[in-house]
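Two complexes, one shared chain (chain A), two partners (chain B, chain C).
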Partner chain A sequence: MKTRMLLSLVARREFLERLRDGRLYWAGGLVAVLLFTALAVGWAHQREARAEQQAAQAMDYRDWLHQDRRHPHDAAHQGMHAFKPEAALAMIDSGINPFIGSTVWLQAHRQSEVKFNAAQDATGLQRFGNLSVGWILQVLGPLLVIVLGFNAFAGEREQGILRQTLSLGVPPLRLLGGKALALAASLAVLLVPAALVAAVAVAVGAGEGERLDALLRLAAWALGYAVYLGIFVFVVLGVSAASSTSRMAITVLLALWIGQAVMAPRVMSELSRAWFPSPTRLAFNQALGAELKTVSDQVWQKNFGTTERWGRDVPLSKWGIALRLDDQASYPAYDRHYGRLWDTWERQQQVQEWSGLVLPILAIRSFSMGMAGTDFAHHRSFTTAAELHRRRIQDLMSEDLVAHADPMGDRHFAYQAAPDLWATVPPFDYHPPHAGWALAHQARSLAVLCAGLLLAAAFAAFATLRQRAL
Partner chain B sequence: MLRASGLTKQYGAHTALDRLDLDIRAGDIYCLLGANGAGKTTTINLFLNFIEPSAGTVEINGTDVTRHPVATKQDVAYIPEQVTLYGTLSGLENLRFFAGLALGHELPRKRLLELMTEVGLDHAAADKRVSAYSKGMRQKVWIAVALAKQAKALLLDEPTSGLDPQAASEFSGLLRRAADSGVAVLTTTHDLFHAQQTATRVGIMKRGRLVESLDGEAQIAQTDLQSLYLQHMRA
Partner chain C sequence: MNDNKPLHPPQGRRLLAVMRQECRLMLAERTLWAVGALFLLLVAYALGNGLVQTASRDRAQAAVAQADSDTRAAQRVLLTGILAGTAQPTPFENPADPSRMTSSYGGQHALLPTAPLGPVALGQSDLFPSQFQVTGQSRVVFMNPSDIESPWHLLSGHFDLAFVIVYLLPLLIFALSYNLLSAERENGTLRLLLSQPLRLRTLLAGKLSVRAAVLLGPAVLLPVAVLLVARQAGLGGTGSGVGGATLWWALLVGAYALFWFALVVAVNAFGASSATNAMVLVIAWVMLVLVAPVLLNLAVTLASPAPSRTELATRQRIVTAEAMKRHADLMSTDYQHVGRGAILVPRDGKIEIAGRLLGNYLIEKEVDEAIKPELDRFDAQQAGQQALLGRFSAVSPAAVAYEGMTALAGNGTRRQARFESQVVAYHAAWKQFFFPRIDARDALAPADFDRIPVFAWQEEPPGLLRGQAAWAVLQLLVPSLLLFGLAAWRLRRFSVA
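Our next item is the complex of A and B:
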């Protein structure tokens, strides 16, 4: 009871002082304005992107269905496009979306890369990153905690108030608890209204079937940021307790902030690539091409006794079967090469997530993107679904060739499928994984953040117990 | 109530306090006199465990301060030379906060106003922000905190420094009333007049050592404190 009273007393006093000295209004107000601006920009962008994606996907499928009579393999070469749906939470964290493209061409013979990313259309300012709610919380959130709390202990020590307070017999850890509560309350005053507005925006912006999932994702996302900012609450208080002056405290904290917000992402990105090198595009394409040729040679040799493709050794009546065999032989090769590449990228990502123990921004960045559905795991899920759809199209077209063109003997090219064949290909209907899948994929980031919170709290407690009153 | 035995504090080769023995009983007003750097404030800081002794022991009400730093502070109230309060809060809000910390529960406004009145601050002053307070007014708020705490011992570091004569006199009156009610008082001061008027015991310190002790109001009254003090300082 006494502990709760002391915590509440210290927290109320700190909060009141922060309100009256204007820091909460100015620093907090600025961050709040940025948050709402980013939310509005994200909302507008998402509505536009979703409308474009839905219209493009519908138009592309309509074009597919409205093909005249034609050779199925010609249709397979025309293919379709899969347009990546904008995740409901992309409005608060666009993640890697602006850099990885949104459209994949489901063409014959080849697994295409996702193309047309927003960064291609952007100006050089894109280098500075997107103004998203996630970015503001990741980068400016800690700065706000620093501004609000850097002098919590150091300033009072300089003024002599700490000496007076400790002379009253207040247990230092209760002082720490009260100050931490006050900082948390200051952040909550700014962030809870923003979170509520974001929840409404997400609920309204989400499609009918995805609303609950989007809100669950948002709740987990908010929890991640609460842990992240909690880490900084304790780090700021710990540094303030350990510093002899508030000038020293803010210098150390700003150095930490620059290190983690500006330098760490770049350094760790380079380090993770050094530890788990990914191939260059040229090397990847060469290796993939070589294996495709090898498996194709094997298939042709085994089935037609030759490695010369589409030559006189294979009669036209077998070209449908040849197409199907050639395509199906390539699928495992694509899976192996893309799988290895994506696994490498995921290992690079894991390095960054583990680094979150000392550089929390790396862990929260991953967690935030993951819960928003804009990380690489979600992108991989979309790309895999698109590739499966491509294979379905190819297989359906090849099967039709086998069924209709092959019996025609050497009139393979004269065969034209009726439009009802096109309707056997379903529309590309991709549903992103659910919140539980995302949370399971981000369990490591969340665990790292929680461990970081415990470490930060332990550091703050240690520094507070060891601090000098004078 | 306040006891130091062989209390020593060294900073490297420099000895700030050298084997100090003190035993201040309930009702005593013990004035420590001495030049700057004599070890007076070091003594207070050791009683508050703001610094740790190099040798010797410090006890408050029979409890070792070094071993039980938080518990021993329950029995003392400390008044520094420069009282600092939260400038954005009013005097009353400061009193509510610090008294709440000291007592572990919040006092009602009525009781807080009584305490303010007791130390000579009227209601209008109580609701003003402390940034507009004089040094004396800030000190009165802190005395109100000490009164609220009802401590068994008072530790005062140059409490009358910078106070006008009337405020200093009022302060001496407060100390005497506290001592009469059984509180042990240890105060450091440069103010020989204040010491002579208030103290029941006087100690003169020089270079970390207690070089003179006067015990009892009669002995203090009969002594030319200024001459004695200067004699020690010149020796």
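Our next item is the complex of A and C:
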């Protein structure tokens, strides 16, 4: 009872102090204005993108169904487009979306890559960052904690208050607890209202049936940021306790902040790429092309006894069968090559997530995107679904070609399928993975963040116990 | 004081004395060594990284160019063989057929070479494509980002010299000089100094110039030296106009540093405590370097949004479907060569083009024409955005400096736009060469190979580069002078107590 009272007393006093010296008002107010601006912009962008994607997807399929009689392979060539649905939480963290594009062309013969990334139409300034709630919390959030808490211990030591407090017999750890509580409360005063507004925006912006999932994601997302900011609460208090003056404390803290928020993302990105290099486009295409040729030759040799395309042994009337064989043989080759490339990217990301132990921004960045559904794992899930749909279209078209193999011998492409063939292809109906899947994929970064919190708390406790009152 | 003597004697020698004294003081302190060493380390890492990235990009481009020339040479050998009757073409691998040579079978890459200063500011070089395989297809098909890069890296950006200068140099300037006057006052030494025949201005100038020398030395001289050595060793970009660009780059870095020094002086002139000065400076940095460019980018994107790519994809699909419908007859014809290989061989300089190949050619041609207005809209919008940005970038000196540096390094939006417009012109020449031959069914002969258009990059005229750099320097100098003016005004009533 007594200890709890003491804790709340310390916390209340600290909180009042922060209100009185105005730091909470101007620093917090600035962050709040930015947060609401980012949310408004994200909301508007998301509404527009969603409406556009849904309309485009519906129109795409309608046009597919309304094709006239035509050769199935021509229909497959023209193919369909798969539009990546904008995640419900993209409004708070757009993640890698601006850099990866949102449209896949599902065409014959080859696996397409996602094209049309927003970054290609952006100005030269996009490298300074995209204003999003996630960016503000990741970069400016720790700075806010520093501004609010750098002198929590050091300032009191300079004024001689710390000596008095400790001489009253207040246990140092309880003092730390109270100060941490006050700092957390100051942040909560600013961020909880913002989180509530974001929750309403997400709930309204999410489509039917995904609302609960979106809110679950948001809850986990918010938890991640609470842990992230918690790390800084303890680091700031620890450094403040360990520093002889508040000037020293702010210098160390600002240096730490710059190192982790400004420099770390770039340095770790360069290092992870050096450790797990991506192939060049030329090397990738050449390797893929060579393997496609090899597997195609193998199936031709096996099925037709020759690798010569379209001769006396394999007339064009076998075109449908050959196409199907080639396609079927190419699928594992695509899976291998793209799989290897994507695995490389994921390994690069793992390096960054692990380094989050020392540089929490890298772990929270990954976790934030992951829960928002705008990370590479979600993108990979979409691309894989789009590719499976492409294969389905190709297989259905080839099957029809096999069934209607040219009876006349030289009029293969004259065959025209009836429109009811088009209806055998279902619409591309992609549902992003659930919150649980996202959380499982981000287990590593969440664990790293939690470990970071424990380390930071241990450091703060250690520094508080060892501090000198003078 | 004697009336005959001026209150302040000539300050030139005193300035030197102040500088000497500052040097001695700073050398004795740890800060200078720490800041100097850190800065050197950052500059060295950034430069090394820039050189490595540029070299690997150059290697990748050289490999593409080599692959192109190997392909073309093999096609030429095949063509000679076909004409001599020793080789048999297939419908898809037939160098005599202009409809094949205009497709990706014969298409060649247009490459944007690295500019001489490329390694100092990688800018958008990983985001904007520096190679396109130009074919007879519409440019909506081939003018897309093609490099393989993890999106996480694209999001993070590079650690290059421009980053060190734009983001970190101001902080190091703060570290060395946030307490330029406040420390002297807090120690009581300012009163002592100004009791000498020394103007406050002279004192400030002396202190500033020593600090500027410490930071600008590594920021300007080291990169220039490294780039020269790297070029000698065959690394980094090649080309002329290096001297001019390097000079402007040094001026730009100098002007950017001057802005932050001016801010430091102005903040110090208000006479607050060292702690307050540090706080105000860091907040100014957060606002000007972190927040303002992001908001500016947002404002420009909102004021002049890019047209929808989703809409473009839909439009492309529709015009393709329409063109396919128009040429359904050609698309229904079979390949006629099975058992009649002679049909693929040119006769009297003419060649028979398979119906489906001809159909594909016509479809692509029509798609290209139909989609052109949409693409022009994109280009115009992008130019508009960039112009808007140019007008308002003065809001953030960081934005001005970053844009200026990437432009000088040849990795900015303007050089990219120039590349893309040259690719469009090359595409037109390509079509001009092949399309009449396809229409007339003219077979390609080995001699024609020498006449196939080749992409030759025309570098930006140095005048344009100079103009943009001068504008950037001016945009940095004006606010610096305003800040110095503000400082001078405040310093007149500066209290030394």
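As a convention for this text, the second predicted complex is superposed on the first by the 461 of 470 C-alpha atoms of A that agree within 3 Å, B and C clash if a C-alpha of one lies under 4 Å from a C-alpha of the other, contacts with A are read in each partner's own complex, and residues count from 1 in each chain.
Here, a residue touches a chain if its C-beta (ideal position, glycine included) is under 8 Å from a C-beta of that chain, and two chains touch if they have at least 3 such contacts.
Bear in mind the structure is a predicted one, so any value in this text is a computation, not a measurement.
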Chain B versus chain C as contact partner of A:Leu223, first or second or both or neither: neither
Partner chain(s) touched by A:Leu215 [first = chain B, second = chain C, both, neither]: neither
Partner chain(s) touched by A:Leu388 [first = chain B, second = chain C, both, neither]: neither
First (chain B), second (chain C), both or neither touched by A:Arg281: second
First (chain B), second (chain C), both or neither touched by A:Gln78: second
Touched partner set for A:Leu455, first chain B, second chain C, both or neither: neither
First (chain B), second (chain C), both or neither touched by A:Thr165: first
Touched partner set for A:Arg468, first chain B, second chain C, both or neither: first
Per-residue touch tally on chain A - higher for chain B or for chain C: C
Footprint overlap on chain A, where chain B in one structure and chain C in the other make contact: none
Of chain B, residues touching chain A in the complex: 45, 48, 50-51, 70-74, 76-78, 80, 82-86, 88-89, 93, 97-98, 100-102, 104-106, 142, 145, 149, 155
Residue numbers on chain A that touch chain C, as the complex places them: 34, 41, 52-53, 56, 59-60, 63, 67-68, 70-71, 74, 78, 81, 83, 95-96, 98-103, 105, 115-131, 135, 139-140, 143, 246-247, 250-251, 254, 258, 262-263, 265-270, 273, 278-284, 286, 309-312, 315-316, 341, 344-345, 348-349, 352, 376, 379, 406, 410-414, 416
Residue ranges of chain C touching chain A (in the complex, touch as defined): 49, 60, 63-64, 67, 90-91, 123-124, 127-128, 131, 144-159, 163, 167-168, 171, 274-275, 278-279, 282, 286, 290-291, 293-298, 300-302, 306-314, 317-318, 320-321, 324-325, 328, 331-339, 355-356, 378, 381-382, 385-386, 389, 393, 398-399, 402-403, 406, 412-413
Residues of chain A that touch chain B when the two form their complex: 2, 5-6, 9-10, 13, 16-17, 20-21, 159-161, 163-171, 468-470
